Structure formats: structure tokens, C-alpha cells
Amino acid sequence: MTVASQIADTPVRGVQRRAGLIGRPLVLITIGLVVAFVAIPLVATDYWLSSIIIPTIVMGLAGLGLNLLMGYAGLVSLGAAAFMSIGAFATYNLLLRLPVLPLPVVLVLAGLIAAAAGILFGLPSLRIKGFYLGASTLGAQFFFEWLFTNFKWFSNGSQSLTISAPRLAFLGWDLSAATGRYLLVAAVTALLILLAYAIVHSRVGREWMAIRDQDTAAAVIGIRIGRRKLLAYAISSFFCGIAGALWAFGYLGTADAHAFDLDKSFQVLFIVLIGGTATLFGSFFGAAFIVLTPILLDRIVLATSLTASADQGALANLQRIIFGVIIILLLIKEPDGLSSLLRRGLSGVRRRDTASRAPLG
Amino acid sequence: MADALLRLHDVSLAFKGITALNRLSFDVERGEICALIGPNGAGKSSLLNVINGVYRANTGDIVFDGVRFERIHPLKAADLGIGRTFQHNALFGRLTVIENVLAGLARHGRANFLENIFRLGRDRAERRSFTTRAHRIIAFLELDPHIETVVSTLPYGLQKRVDLARALVADPKLLLLDEPMAGMNQDEKAEMSHFVSDVNEKLGTTVVLIEHDVGIVMDLADHVVVLDYGRKVGDGTPDEVRNNPDVIAAYLGTVH
Amino acid sequence: MNFFLETLVSGLSAGVMYSLVAIGFVLIYKASGVFNFAQGSMLLFASLTFVTLVEKGAPFGVALGTTALVMILGAILIERLVLRPLVNRDALTLFMATLGLSFVIEGLAQLLMGSDVHMLDLGIDDLPVSVGGLMISQFDLFASGAALALVAVLSIVFNKTRMGISLRAVADDTLAAQSIGIRLPAIWRIVWSVAGIVALAAGLIWGARQGVQYSLSLVTLKALPVLIIGGFSSIAGAIVGGLLVGATESLADIYIGPLVQGSVSTWFAYILAVVFLLVRPAGLFGDRAIERV
Amino acid sequence: MPSLSVPTIILAGALGLVALTGSQPASAQEHKGEQLYPLFTYRTGPYAPSFIPFGAGNRDYLRYINEVEGGVDGVKIFIQECETGYTIERGIECYERYKNGYDGALTAAIYPHSSGLDVALTDKARIDKIPIVSPGGGQNIATDGRVFPYQYPLIFDYWSEAQIVVDYIAHQVGGTDKLKGVKIATLYHDSGYGRDTIEPLDILSKKFGFEDIQIPVPHPGEQQQAQWQQIRQAGADWVFLRGWGVMTPVAIKTAARVGFPVNHIIGDIWSGSEDDARPAGGVAKGYLAVSVFPPGTDYDILKKLKETIIDTGKSDLKDDTKFGTVYYNYGVIEAITFVEALRTGHRKFGNHPLTAAEGQWALENLAIDDQRIAALGAKGLISPLQTSIANHKGETIAAKIIQWDGTRWDTLTDWIKADTTLFADVIRAKAAAYAQEKGLVLRTASN
């Protein structure tokens, strides 16, 4: 039995029940794959791929990684970007220094290196919980930004302390053009979504959620809380690490440590909260929001030809204000994130007459 | 005292100088239902928490199934076969009934996380056997209609039963029930007490439970231990306890 | 030895400045359980408002009063539009909301008052005087004095006035406080106002040192480790934490920096904070039990 | 507060998408026959203070060209702004948006206005074949146009800057032979930019025998007491201040606190604007800085701008006092490089909007000599600039030293030329190493 059909046969359980929305998972998965790997590469322009689709997917992947930690295991990280940077710098150095390794192996190794760092900075979770836990990952945020700036070895002595993909190729295909980078990003992300699905629907995911909902009870019924928490940090960092590598090489092309600064960590956090915690696809909506909103605001200004007359600086600042207001509004009005909004919207369209579904915890 | 599953000896517990348990000793026989009763603040919940390691006793020791310990980690307690339910709702609120029950099998999991995630090796057999066991318990406690329901949306009485199922699925030798019938109406109480006695009879599980409703306790329990301000004031069969003047003074007379 | 002492003293004086920022966080965290990331933006907004008024010709006192009023107005708006709709939501959501709020405040500051770098002269020379053989800046002495005065005023307000007692009641037990008739929104408005005024004080002192400009809002990052070390809910902790961070940072940069050929103070305070977290999870003076495993 | 209902969001999203796709005019050709100048802005965020006058200088000069001179050889320049907020992501979006032109106007080159973005665009530009021009802020190794065909780090680099600073100090102490034993401390912003001068100063110190002291300041640099005590402790004679943003005024103030003479501090080009010195107050009087974009209004071209743009109310400046400041003039100078590149291209390809390929050729064949500078009315404002395939930066690298008098900058020296041969081999070797790492084939004049 293939993994895909296995998933198709498994009833959708847990927190992201989408009964009604996804009636026939296999069909939807197939449609999704066709859209992702046939339609988009054929239809989308360079502009769409390079500046909207790729960053959305990669940030969504980072959000998914953080969501595993925050949404499913109920832990906190304010330093997701630190683990992204580890993945990026590890990928670069592995590609550079061990040229025999093929790209997929390098990505997995880079993810594992990030996972190791995740375990290290997750150690305080054995002693403290709640918002304070953020401090340790915040420490990681500043430490790694410094580490990759301070030691030129990590960027192979580059004058600008930047890393760029030495060779973005797989099985002889050059992946450095927009479509190639998109296919790389989409393929890796699809596999990782599958992995996340498997994790969430395994004993590991169940126990994370148990710890999240009731840690005392979880301990009493015999769940290894400490180990599970560290595993959550490890797996979350694994995802973030690979997302970081894709961010650096699939999207930016060239990056330095500051591409993974505190702002980026906060962005990933926004993505999780806005997209919806404890959902697998919510992060991608959140990422689309974060990537698209500033562009849309800019475009609206452009389209309404305010540019000719109005004060450019004022408009730019206004955009920033509106972005902040939208974020606050979303947090207020959509506690369960965009994914729940979308779910409601779609089920509303499909089954306007059905009574309200059971609220989702 | 032919076959004590649980033996408490001289157990004391204090929080910030306030004595919760005062040199408590008693035995729980294998296969019996032992009820802990006593007024609020008598130390009943604290005692359960000491037995399964949530609290650490200041003095005394506990012998469970031949294993003697002074303090125990909750995980170790679970491994030894001590299961429990909670006074206040401690279910995994956003999980479904089946997921809650499956989580109760955590201590039986032998597969490592990679096997779990990729459905390899031991995980395959585990998934099957866990699902079977969970379904069996769910059927046993008549929770089948709600199997895929998110527990926080269930009515209170059913949630209590899910809690019982979660503890029971791991096949505990000793089941600690912390007020399994609190807040229930008479019908629900009768139903729950029926389930508890079923568990005891059909699965052979030894039960220690806390309950305020003396009527139910006297019907259900084989053995009653009465606590008052952390001290044991009565210990015996329901009839013995009913006639114990100390108990009447300390508890029965004052509350109901 | 003298060099060491001067490094230490200068670190401590930097620490005073960190403490000033951290106090604003503590006030808000105490009363509303919100980790207010927008504190830095408030600091920027306050000092920018003040300096703009002064440049427009307003006398010092008028500018100060007007800015304080603006901050109070801002606090009322924030309570009404952001905090009240988010009541009872988890700490992370509130934190994210203050992040959104910081975009709004920073955008407004630049929209209304421009992006120029302003010079702010408080009339105190930033030149050293000799105190017991050590060279200490007059300005640092002034800043320390200001911080002390601020803390003194705050502790009088919180310990002696009815409002202060209500506030402490809220901090101790929100539900109990509400049940005896303390109105939460009112307390929040007051606390955010006070935090706004503290931001003004800190903004003036920082602004006089580095010029009033956007990067003032970045001082938030320096206040975070101070808070972790001192405890999120203790003003005394904020002061001691600030001094500790200031001093260790300076010493670390001088004595550890050369070993790694770079400055270490961006992360040193955080790592110190993590160590504190492991050893003393509630911080030095944290009075509210930290959630521990 | 408006309620955010499901339909509103969906509607807003849909409208947004329409706006997004609708504003990609594939067929609209309203600006056909014009040359696109995508103006990458950062009018928000921490770096807005430097951009605002810079952007004004940029726009004002191009407006002058369009309105007074009737375009570049008759070709009008079409300016489209794109706000990056100084972030790489937004910058990449702007690049993707405008790399192939807009509304009929052609893109000949892109000025990212950010060193970070310049680096991030390196690979993309190579694939898209779009010239990326960063006057004063490009990558030094990209000087080698054989390895970096599409990067143009015009006018200046930090290695040459270090040389010019050492040269100036040598003049002050009485010649390069007197440098032996002089202690020069470099206080640098702890970043790739700040660390860039460690290597050249090391080479120079070995060559001239001065003592090279390197002291980092962590970003953003709002506390520097410890660093300045270190400088005093080390007995430094001169400080080369490689600051960024708030680091500079704090450095000047802290120097005063530890009693270091301000006229022995030489600021980097990013530490040498009015906004760097003014916030430091009175103690900044006498502070020196390296200037590649000399401030002042006493240049013919600035006089023309004053007359035709500023005084007619057409300027992008909201605050006229910023006219002739360092960043304003930087904006003008940068716009001059763009316009001169277009002229160079027009001479070869004819007077029509240039494509990116033609733009690349033009940027590679720039020749702004003294005569041309005089014709531009920019004598003293810019130094001669001549590029080639082997040299994308320009043959002569020069800067002036300026001094803050408490309210404005005075020009202290004429152009000080850097000896470009000194580091050429090192830079070329670095470029070659990069080429090898990336597996690039070196370009020659023939391919």
C-alpha cells in the first residue's frame, strides 16, 4: 500500500477535521499534486514564482515547522529563524565541502544539524514552560546570527559573509532558474508536509497534543514528557532548518546571517498564529498573508495612481500602519487563524443549510 | 492480610508546614474496591497523588505489588501498573475520544519515534494492537457512539467515562479514581458506579476511589478507609465503618 | 584595575539605561500579563513627539506635558482597541498583538513626525567628572538620578495610593481583584499611561545620548534579557537585572570579545539569561510563580 | 472597528488578486519609448532618514534631465518607485517586478540601493542578465567584471577607503615614513560591512608599520563606553570610525566622554552625513569623515537644480535645508552615473531606450573624464570614472576628507586618490576563488 493511499484511507482525525471540505482526500491530493507540479510551473511567470509563490511556500514550511512545536506540542520558540540559518549554513558548507553528496542528502543532513541545535536550546523546556521558554530560543536567535557573522569559515571566507548555492542541481538537472527553484521547493515541501502528516497522526503527534492539553495527566498515564518535548524541538528545527536552506538557496539565492534575523523569527510566529495553530496547511495561508499583504498594499497604491501626487513617504508609512492594523484585527477576530476562516467560508458555501458544526476545541 | 496489592506504611505529607497526610498506614487487597472517604481537605486527593508519584511523601514508604518505594516518578508508577483518573477534568481536550484512549497506552509503546512516524517495525503491530485494545475498552464503557468526537465537546458525564477509559486501557493493576462521580446526577452516578464495579469484576482491576456519596460508596466498595485532617479514623468493611463511632463523629455526622 | 573599574562603572551606567526601558515592560506585564513588545515604539513615539514640539518652539515644560498627554491618550486607545478585545487570550497572542501595535506606532511616528534624526539637548553635558578617582560622565549620573527618582515616585504611587493598591491586587489575583469591584479596563488604562510616561522618560535619556531617531525602538532588544534575569514582574528586578546585564556585557566585550575576535554583547546577555532561567526560573525578584514543569 | 466577516475577507482577497494581476500590464504600452528607472526606496524603517534626501537627489536630477534637458538624448526617463523597507525580500519582489521593464518602458539597469540586496541579486542577475549597479555600496570582488558580468560596484570600495584614510593620516604626521609606531584604531560595526576593512588595514599596517587596532561594536551600537575605554587604554592616535546608523553619533559622544580628540576621528562614508554628526551635538565639532559624495551646493549642477527644480517647487524634498547635504548629493551623483551610462549606450546603439544587454555594455564602457565632469557641471562633485570588463568599479578611486563645523560639513582636502594597484591582485584572487567555488567560466572581451 502506498503512503498516499494509506493517508487517503485514514479518516481525518484530530484537531484539523475537515469533514465536508475534504470528502475525497485522494482526489484532492491528486489535484493538489497536479496543480503544484504541472499547472503552476507551466502557467506562473518568473515574477509570480520568484517573488510570491516560492517565498510563500518556504515561509509556510518554516511555519509548519514551528507549528509542530507550538500548535501540536504546546511549546514556545521565538527563534525559528536561528534554526533556519543553521539549515542554510549547513547546506552551504556540506555542498561546498562534501561535493560527493547529492542535494537531497545534504538537505536532510542540514535538517538534522538544525535538529541537534534545537535539542540543545530546547533543554530548558525540561525545567520551565510557558512564555518564559521563549528566552532560550531568543538566545539561540542572537547566538547563531553572531556565530555566522563572526566566523568567516561558515561562509568560506566570503568578503560579504554571504553564502550562495554552489550548485543547485539534482540528477543532472540545473535548478537555478525560477522554475527549477520552484520545483525543488515544492517537491521538498510536499514531502515534508507528508512527513508532518505522518508525525501528527502517529503516536508522537498524539502524545505531543496530550502534553499540550494536559501535561500532568500526560505524565501520569506514562508519556515520556521530557523526551517528547525534546523531540518536538528536534523535529521542529529539522523542518525549520530545511526551510532555511530553501529560503537561502531556493528563494534568495544568496544569504547572510542577517537574512535570518529576529524579524524573520517573528514573521514565522505570525504565520503560525495567523494561519492557525495545530493545522498542517494553516501556515501556508499565514505565509501567503505575510508575503502578499505588503505587496498588495503597494500594488493598490500603484493601481490607484496615488503615486504621482501623494507623498511617497507618507504612503509607505501608511502601508506599514495598515499592515499592523490587519494583524491586530486578525488576532482579535480570528482566534483560530485563517485556516478556520477558510474552512468556515468553504463549508458555508458548500453546506449553507447544515447546522453549525461542533466547535473545535 | 493475605494478598495486599498496595501497602502504605506511615505516610506523611506536608505543604508549607500544613499537614495533608499524617502517618497514614493501610493496605489495599488485590481485587478489591477500596473507597477513601472523608470531608473536604481530609487529604484524599493528596493520598492518590502520593501513590502515583505526583507528590512526594515526607515520611513513610509504599509497597506496590511487591515493589517498595519511598518516592516514585509518575512515569515509573505508570510503568508499574498504577493508572488513575482525575478529580478535575484532565482530558486532552482537543483530541477525540479514541485519541485520548490511545494516549493512555503510552507506557506500552515500545516502538521508537522513527518507527512511529514511518510506520515501520514494531509500530505496525503496535498500531494494530493499540487500536484493538482502545476499541475494546471503548466498547466496554459504551463510548462507541462518540469514538471520533473531540472530548471537550462531550457532556461532563461522558468525559468522566473517557477519563476512566484512558486509565483503564493500559491494563493497570491498580486504578485510582479521584471522585469519578463528582457533579453527576443520580442516574449518571448509578451508571458510573455500575461501570466501576464491572471493571472490578470483569477485568479484575483493583480500584481505589474517592467518593463523597456515602450511599454509593457503601454499595460499591469492599473496603472503606476514612480520613479526617490527614489522619486515618476508620478502616474496614462498609459495615464496620458505618458503625465506627469515630467515623460517625468525624465525618458521617458532620457532613450529611 | 582602574580600567576594570571604569569598565564596570560604565557598564553599570549603561545598565541604568536598560533598566529604564525594562521598567515600562514590568509595569505592563504586572498589570495585564502582556509582554509589550511595543514598548520600544512607545519610547520612540514619545521622544519624537517631545523633540518635534521643542523644535516647533514649545517650552520644555509644555512639550513634556503635551507629550505625556499624548501618551495617556494613546494608552486609552490601546486599551479600548487592542487589549479589551483580546482579554483572556493567551500570552503569545497578546505578544503578537503588541508586535502589530509596534508597526502601527512606528508607522504613525514616521508618518506624523517624519524620519529625520533629531538632536536632543537636555542641557546636561555628557562629559566626565572625577568621582573618587574614577571618571564618570555627568550625564550618567543624571540618568541614574532620574532612574532613581522615577523608581521612587513609582513605588510611592504603588504602595501608598488607592490606585496602586488596586494595581497590586490585580497583579496578585486578577479574578479576586475583579470580584471586589476593581475595574480591569481602568487599571489597564492607568498602567499603560504610566508605562507611556516611563517610555517618555527613557526616550529622553536615550535620545539625548544617541539622537532621537528610529533606532530608539531597538532598545527593546536590550531590555529582554534584563527582564528575564530580573523577573518579568519586579521593578527591583528590572533595576538589578539592568545593572547586571550592563556590567557583564561591558566586561564580556572587553575580556571575552578579543578571544573570539568580535563583540559578544549581542548574545551574551541572552545566554546569561538562559543560565538564570535554568537556575532561578522566576528571575532574581520574580514574585509570581513561573510555570515550572 | 469594522467587522471582518468571511465575505469581506474573501472579497478583499479577490480584489487584491485582481489588482495584483491587473497591474502587470503585459500589453499596456503607455510608456513605450521611455527608459525605466525602477527607484528602490526605503522610506520607512530605521534607514529612512538617509534614504529620504538620497531619493530626492535621485528624483530631482532625473526630473531635471526630463524636464529641462528634454530627456537623455531625447529619451524620457520613467520613474517607478518600489518600497523595500531595506529588506531583502521586498527588494527581490521589486527586482522581479521591474527587471523586464514596465508598461512599455525598458529596464537597462537596476540600482538596488542596498548592499545586502546587491549581494542577494547576484545569482538572479546572472541568470536574468540584468546589470545591478551599486555606486559606493557594491561588492568589492565584483570589481572583476570577468567573474561578475552584471555587478557594477561603481565609484568606491572600503579597501580603497582604508587606503585613503591611512594616506590622510600619513599627511598629518608628516609622510608615510612617519607612520611607523602610529596607532590607528578601527572601530567597526560588527557586520560584513564593518569587518571588510580588517584585511586591507592588516596589509597596510605591515607595509607602513603603523599599529592596527581593530575594535568591534555590536549592532546597533547604542553603547560604546567599553570600546572607547579600550581605545584610550590602547593609546590610539587616530580612530577610523566605520559606523552605521546610530553607532556614529554615539561614538562621537562617547569619544568626548573618554577625552579622545574628535578631530582625530575619521568617519567612514556611512558615518559622514549630517545626520551622523548633528545628533552628537557640540562635541562633534571638528569631526572628520571620508567623502565620496561631497556635500555642498556650490556646484554648477546643484545651482541648476536649485533654479529649475527646488525653486519651482518640483523637488521631492519636503525640507529644503536638506538640499546639498551628503545624501542629497549622493542621490544626484548616482543619477548622474545612470544618465551617463544611458548616453554612453546611446552613442553605440542609437538614441532609444536601452535594453539590459545594451545597459550592460554601456556600464562597462563608461568614461566620465574631467572634461565631461566639467560639462556636467559636477566639477568637485565627482571624480573621473572609467570602467571596463576587467574593472567594474572604475579606474580611479578617490575621496575627500570633510570636517564638521558644528552645523555643516567643510571640505578639507581635494580628491585623495587610492592606489588601486595595491589590492588589485588580492581582489582578483578572491574573485577567482569565487568563480571556482561557483564553477563559473571567466568572461573575456570576446565572449
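To keep things simple, chains are lettered A, B, C and D as they appear, and every chain counts its residues starting from 1.
Quick note on the criterion: contacts are C-beta pairs under 8 Å (C-beta built on N, C-alpha and C of every residue); 3 or more make two chains touch, one makes a residue touch a chain.
Please read these numbers as outputs of a predicted model, since none were measured by experiment.
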Just how many steps, at minimum, does a route from chain B to chain D need if it may pass only between touching chains?
2
In contact with chain A and with chain B at once: which chains are those? Just list them.
none
Measuring between mean CA coordinates, which chain is farthest from chain A?
B
Inter-chain centre distance, chain B versus chain C - centres from mean C-alpha coordinates, in Å:
50
Roughly how far is chain A from chain C, centre to centre by C-alpha average, rounded to an integer in Å?
32
If you average the Cα atoms of chain C and of chain D to get two centres, how far apart are those centres in Å?
36
Residue numbers in chain D touching 2 or more other chains?
1, 43-44, 48, 52, 190, 318
Sites on chain C at which at least two other chains make contact
81, 85, 107, 110, 114-115, 262, 264, 266
Flagged in chain A as touching 2+ other chains are 149-150, 313, 317, 319-320
Which of the chains touch, listed as pairs?
A-B, A-C, A-D, C-D
Sort out for me which residues of chain C touch chain A in the complex.
35, 81-82, 85-86, 89, 91-93, 95-97, 99-104, 106-108, 110-111, 114-115, 221, 224-225, 228, 232, 260-262, 264, 266-267, 270-271, 273-274, 277-278, 281, 290-293
Spell out the part of chain A that touches chain C in their complex, as residue ranges.
70, 76, 124-132, 135-136, 138-139, 141-143, 145-146, 149-150, 215, 225, 262, 266, 269-270, 273, 313-314, 317-321, 323-328, 331-332, 335
So in the complex, the part of chain A that touches chain B is made up of which residues?
6, 11, 13-15, 17, 195, 198-199, 202-204, 206-207, 209-210, 212-214, 216-224, 231, 278, 358-361
Chain D-facing residues of chain A, complex:
45-47, 50-52, 55, 96, 149-150, 156-162, 164-167, 176-177, 251-256, 258-259, 263, 291-292, 294-296, 298-300, 302-303, 307, 311-313, 316-317, 319-320, 329-330, 333-334, 341, 344-345, 348
For chain D, which residues count as touching chain C in their complex?
1, 43-46, 48-49, 52, 190, 216-220, 222-223, 225-227, 229-230, 233, 245-246, 249-250, 253, 256-259, 275, 278-281, 283, 318-319
